[in-house]
Amino acid sequence: MRKAMTLLIVIILACTTVWAGATKEEGVAATTGTPKDTLVIGVAQEINEQNPMMQNDQINNNCFVLTHERLIFVDSNNGYLLSPELAESWEWKDDTHLVFHLFKTIKFNNGTPLTAADVAFTLNRARSNDPTKSKISGTLKLITDVSALDDYTVQITTSAFSNELIYNLGAYPLVIQSKAAYEDPANKAPWLVGTGPYRFKEWKEGQYVTYEKRDDYWNAAKEPSIASSITFRFLLEASQRVIALQNGEIDVCIDPPTTDLKFLKEDANITVHTQAGTRLFYLSFNVEKAPFDNQKLRQAVSCAIDKQTIVDIVLDGRGKWQTSVLNRGAWSFLDNDQVEGGYAYDVARAKALLAEAGYQPGQLTVELFSATDDPYKTIAPIVQANLKEIGINVVIKSMDQATLKTECANGHQQLFLWRWNIGARVDETYRELFYTNFPTNYAQLKDAYVDQMADKVLTEKDPEKRLQYSHELQNYFVELVPQVPLYVPDLVIAYKKGLKGAYLTGGGAHDWSRAYIEQ
Amino acid sequence: MIPTLLVTSLLIFWAMDLAGGDPVNQILPENATYEQREILREQMGFNDPFMVRYFRYIGGILSGDMGKSYISGLDVFGTFMGRLHMTLLLGGSALIFACLISVPLGIYTALHQNTWKDTLATVLALFGVSMPNFWLGLMLILLFSLKLGWLPSGGTGGIQYLVLPAVTVGLSLAALLTRTTRSAMLDVIRQDYMTTAKAKGASYRRVIYNHGLRNAMIPIVTAVGMQFSYVMTGSALAETVFGWPGIGRLVVDSINKRDTPMVTGSIILCCVLMAIINLAVDIVYAFCDPRIKAQYSGRS
Amino acid sequence: MEKVLEVKDLVVRYETDDGIVHAINGLSFSIDKERTLGLVGETGAGKTTAALSILNLVPDPPGVIAGGSIILDGKDVLSMGEKELERMRGNDVAMIFQDPMTALNPVIPVGQQIAESLEIHEGLSREEAMEKAKQMLEQVGISASRAYDYPHQLSGGMKQRVVIAIALACQPSLLIADEPTTALDVTIQAQVLSLMKGLIDNSHMSMLLITHDLGVVAEVCDDVAVMYAGRIVEIGSADDIFNHTLHPYTEGLFDSLPNLKARGEDLIPIKGLMPDPMHLPQGCSFHPRCPYATEACKTREPELKKAEGSHYVACIRYNESSFCLRRDKDAR
Amino acid sequence: MPDSNTLLEVRDLTKFFDTPKGKLHAVDGVSFKLERGKTLGIVGESGCGKSTTGRTILKLIEPTSGQIIFNGEDITNYSVRHMRRFRTQMQMIFQDPFSSLDPRQSIMQLISEPIREHKICTTSAEIAKRTLSLMDTVGLARRFLNSYPHELDGGRRQRIGIARALAVNPQLIVCDEPVSALDVSIQAQILNLLRQLQRDIGLTYVFITHDLSVVRYFSDDVAVMYLGQMVEKASSDNLFANPVHPYTKALLSAIPLPIVGKDKPVRKLITGEVTSPVNLPDRCRFFSRCDMCLEKCSSACNPTLAEIEPKHFVACHLIDKEKKDVQ
Amino acid sequence: MSKTRKTIILEGEEIEIYKGRSMAQETWRRLKRNKGAMIGIIFLVALMLATTVASFVYDYDKDIIAMSKDRFMPPSKDHILGTDNMGRDIFARVLYGAKYSLVISLGSTAIGLAVGLFLGALAGYYGGLIDNIVMRVTDIFYSIPYIMIAVVVVSMLGTSTMNLLLAMALGTFSNFARIGRASVMTVRDQEFIEAGRAIGLPTWKTIVKHVLPNCLSPIIVQTTLKVGSNIISASSLSFLGVGVTPPTPEWGAMLSDGRSYIRSSGWMCLFPGLAIMFTVLALNLLGDGLRDAMDPKLKR
């Protein structure tokens, strides 16, 4: 008995020690009674990469905007207007030469000044096909060379003119990094050296990542005034984020579940912010594989899907359904009333189209590939029920996103649910989703007209014509129906009353660097 | 132990290999070029035959490298270790909580066998065993976080963050252990040596605690040892429900993301962990049972 | 002579789910100072229950002591409080159990198990008690160095010696031994019996020896009580019982023993089986098996009556002057 | 030339078990002959190998070495399949009537199992008839036909065991402590039954027990075993009247006799307990407990059985000494 | 002993015999007196009946997966358990879903039982090398928390009801192998097995006629309990998203769906959880009752 008691005491002591240790470590993140000058943001995902050009995930990009800067700033909330960030000005010298002039006062967070050499280094490294250096070379294929003309001038040589190259340079993976840092063998994490107003402090795997304010930020005009540190807490479960917000553990809650919004609205301390989003969820076909190589059948499916109900069920009405394949708000985007014809929800028409396609109701059984997580697992049964109404039986195959991508890339699917979120560059949408033999062309579309029009949209310098091409292509897709665009959810963010200075975009590329809470 | 781990690693490696999902899709963004995909495949040796990859992996482990996550690029061993203490903290607290409840309750019910108190406690324990613990977790959140607002619903931090997950895992464990303790105690009570002790004139307390519990400890410790894998399972669920960054959730998340190195590595490390725990249980066991101690010390 | 123990009209039953087991139905006997009483009976006669009753250790539930009295040194055990009982057990009355394999606590060193009694009753410190325990071990023929051994390290005979040491540790005035040698081999049995006998004689104790083996009784006991279906059917000195048997059941037991027969001679077993203690027959519970049974035996329950001296018998037919057992007939 | 009257002959039978601690000498060089219709009693304390001997004779355990000759046929190396034929000729009655009967089978099933297995009767009516007649033979009331073992007492269960053994009309029955779990009155009933069966059917018994009084009463010949070896063997009367081996003497003296007062022999106790039969040295196994040992007992090798008078065998160095003394 | 007698005619002869009670009959007799077990049985029978009726009354396409406008209706007269996020009646889904939960748990237990018992019996009866191999394999599956095995297997084979069933069978079999081995080893050493050999029964007959029937008690009890715990496991896996495919009304999947709405529509979580709990409770009550009824030690 004594021995057992001793043992028990030892166990208890051991556990208490671990406990105490853990508690101490957690102390940093313990945010009860948040001081005013810190900002804690509850996010739905964990960051997974600290080197900007090794990734392209929204959550990471939200962090890089704090620590790094791009050449130019693309204002998603303002018609994708370009403004200076690191580059004071820029111009196309001819069809293949783009020149940037940098500000001259920029300093990295390790004190070294930023020069054209750093920009050239960054862009050239990003162009590398070596996956240990860069994983985003796919977006820079047009570039043939980047060189520093002098300390503050960079010249980019391209193989052809592109309307959208400049937008690529405004993407977060292409934030400018320090050449010197990479060349310093002592620096084990050179990618942490950036010019942004914050610097990386700590990433506690599975829990949070914290950034602290720099004292020596170069751009006084954009200098953040309040938050001395910004923490992203990874609260993967939506309801938890809401509760955490209400309990004051976090100041901002990204993507609160729509069903909980009424509780947040009742809460006097909380503001619910809503704005139009850009991320498109769609139902797509494998147009190379029976039975959806049949255009009429695809049109029938398009007519059978009750998009508004999906918006109601999945988003509690907070979203818009659409017909165009482009992301809402993108340049040249055609809203539902601007589309010619189209195949909107109409069961009778769907049945007629099904008959036209040569199928009897009940004759067809198809597989729908869907990811196991939200919202796909909710959309899939609705699609199933919709198609059931016109006599198409759907068997849902659930799989994780990785498998889904592989399966779709290999063309095993008949129907699948997926998403797309590109705002500034419509060419990427046309090219990556529909261009013949493009790796991410999961619809397996091979259409010469589409390819030709996509190329035109990319290179046409006459804005009028370019717009027309894009509209034509959108209308063509509406008729071709390689995918049934479903809806774009609104961006919903809940935060403490008094939050100011946050730059929020419908696509999710938020900038929190100047956010603070007014007491 | 070593062959077991080898077979386990082979099985897991094979299973993860068969599971769908191209690792290149995990590592590269969607718009990566064919060219870059091929370079990556070559670099990572994805094109090699299965056994080559497996032995390379084992070789890596032997040289202390368990690989890097496809998703976060972090070192697998480091990530696992970084989360291990969270799971140990949760599992340990749950176990202590369970023991503190179940051992006294089990003894009490055994001593009051077939009275209403016994029936009540037994039925409660049955309810505890019958509850899915993730559901219990949800209900606890509903009550203590949402309705009462006493405790945080998830995440990490001070002790208040530990309470709900530990209770969630601990309650069903407590229910199980109460039943074990009760039946162990009932078994012991029937033994002749208990009558011997009573016949010696030992007081009731002495008989129960000095003679009874010491013997009942043996099956109880066995049960606790057997329950470690249950604790891990329970933790995996509770960690998901409460957003507790432990290894259970790590494995589940990694599988959902097809993070093969993380899954393989974590499961192998889990096995090592279980082996260590089993060893610890054996040692505790030897403390409780001199017959086993004798086996270890070589006396008969 | 002074009586150490007097059991009167004891009734014990077990109330189980399947019915009421009438284990003891009016048991009466007594043990004189420094005498050894052998309680003989077959399985299910209620011997062990009788022993447990004396220490008030009948498991409750399902056991119920429904009546009677057990007077120990002038005090009724059945009306003692829990504290009083604890003081009595192991101190005034000690018990040795049938199976030494299970009677010892497997997780406590044997020395400590002996010492426990001493700590409880003599108020000795742990060390003193252990010292005395070692002496006790030597007394029962085990080296003191084995005091720290666990039961599983000892052989069966040694375990039973330890059990005896535990029982004798506090010099009780009465020792109850419940089949102390049944589980042992015959050579060990002889050793243990002689050890017990020696210790009891030396320390002037009384003993209640419960056994089914008439041979053991003949070796050890001064007095013998024969039990059947929860009652004493015959009680008297060893000589009375062995050489002047009066009850048909006792006779049947003797006739069943092969050791008294010549080879080739048929045994004369008692016909039939022990009655089911849940459904005891009316009248004399032995009548269905008794070769001498009459109609009267089926209805009347015989009382324990004095035959001569200390010899008592419970048989209706004994009162008939012409009645004579076969054994006696043969002897004549 | 096999002696036609000899039913069973065992020559130098040995069975070792491998245990983690070493070689366990369960049976070590046991030899005997058994005539038809006779009973050989094997006595010894627990762990002396008497049960193993019984089981090895029936080849329920494969012997390590030695010979078993049954009815003139050497069955030592017969396979399990081959042995099935002999199962009708040699049977066993087990010690524990509680564990030797499958609790899930009714009496009918239990008794008819060997009948069916060896196709002694084929039609179900015949089987039933034979089962009932067996029940009559062993004195088991027919009304128990559909009962289950757990509903019966020990004596009746043992009768089932006997009926099962008898079902195949065997010539030899090995009885492994058939009465030690029973009360005296029941024990007498079973012993009577076994004896009556021997008389009626002419059965041959190997009667294994630790109870010397039973063996004296029941057996024609008695073999005393100690730690796997036979130390003395003689006819029952001879052995009990004139025990020679110190162990036999101690054993006989240890029996508590139910006699009070008259001519009671003085008991002689031996010290110590049976040692473990693992890794035994090659010397007299009784050496450590023997109070009569000679100097050479500590050094000399294990004594072998020697015939000191007709049909009286003893394995002891004392015999040699006596012989020398005589010389 | 049973007082009931009956008369049979055998060979033209009339014999009055006791109507013996086999172990099964005896168990049933004792089980009938166990209130908890009877409640369990009644609940289970009622549930099965209700499920059978439900599959006739409700149309899968119309009542189980079709959407309606009545979304998030709290429990009311029209929908006694309310409706879910797609306006489907929870009562219908819970009843209909019992089928999935029961089929998955029964199926996985049955497969696990068959495989585990076979391996366990083999290991237990023959011992030696076979025992060693079988036990090492079971050890592997025993030391990894079942949820990890199941998640890996499901992700390897793909998400479907059948694969879920298989994955859980894999987590179950080691349990049965252990129990099968232990009980076969206990029975193997009993004298009646030797008695069977003595009358010349071949090994396979001994195993089938004597060993297996006598191992049944612990196995039946364990099976009952395992069916219960597999219901929980299945729902845990569905909860983690590796269970059945939507919109299958499996209880765990319903819980997982309801989890997002726990705050606004708690009934979506409450009722499937209660359904799991009561079903498992019923199975546990039955299992406990069986254990008591089959264990002669506990006979009072």
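Labels A, B, C, D and E are assigned to the chains in the order they are written; within every chain, residues are numbered from 1.
The working rule: a contact is a pair of C-beta atoms (placed from the backbone, for glycine too) under 8 Å apart; a residue touches a chain by one contact, two chains touch by 3 or more.
Bear in mind that the values here come from a model prediction, so they are computed numbers and not experimental data.
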Enter the minimum step count from chain A to chain C; a value of 1 means the two chains touch.
2
Can you name the chains that touch chain A as well as chain D?
E
Higher number of C-beta pairs in contact (A-B or C-D) found for A-B
Note, CA centroid farthest from chain D's centroid sits on chain A
Approximately how many whole Å separate the CA-defined centres of chain C and chain D?
32
For chain A and chain E, let me know how many angstrom lie between their CA-based centres, rounded off.
46
Chain D to chain E, mean C-alpha position gap in Å, rounds to 48
What whole-number Å value describes the gap between the mean CA coordinates of chain B and chain E?
23
Residue numbers in chain A touching two or more further chains are 237, 239, 372-373, 399-400, 403
List, in ascending order, every residue of chain B touching at least 2 other chains.
19-20, 141, 146, 210, 214, 255-256, 258, 288, 300
Residues of chain D that touch two or more other chains: which are they?
none
Inside the complex, what are the residues of chain D that reach chain C?
45-46, 153-156, 183-189, 191-192, 195, 210-214, 216-218, 236-237, 250-251, 253-262, 264, 267, 269-271, 273-274
Given the complex, residues on chain A that touch chain E span 237-239, 242, 257, 259-260, 262-263, 309, 312-313, 370, 372-374, 377-378, 380-382, 384-385, 388, 396-400, 403
Interface residues, chain B side, partner chain E - complex:
3-4, 7-8, 11-12, 15-16, 18-20, 123, 126-127, 129-132, 134-135, 138-139, 141-142, 146, 190, 229-230, 232-233, 236-237, 240, 248, 251-252, 255-256, 258, 263, 267, 270-271, 274-275, 278
Partner chain B, residues of chain A touching it in the complex
1, 3-4, 7-8, 11-12, 14-15, 18-19, 21-23, 26, 29-32, 46-49, 54-56, 129-132, 135-139, 141, 204-207, 233-237, 239-240, 243-244, 247, 249, 372-373, 399-403, 405-407, 409, 428, 432, 439-440
Which residues, counting only chain B, touch chain A once they are in their complex?
19-22, 25-37, 39-40, 43, 71-74, 79, 82-83, 85-86, 88-89, 92-93, 96, 99, 141, 145-146, 149, 152-159, 161-162, 209-210, 213-214, 217, 241-243, 245, 249-250, 255-258, 284, 287-288
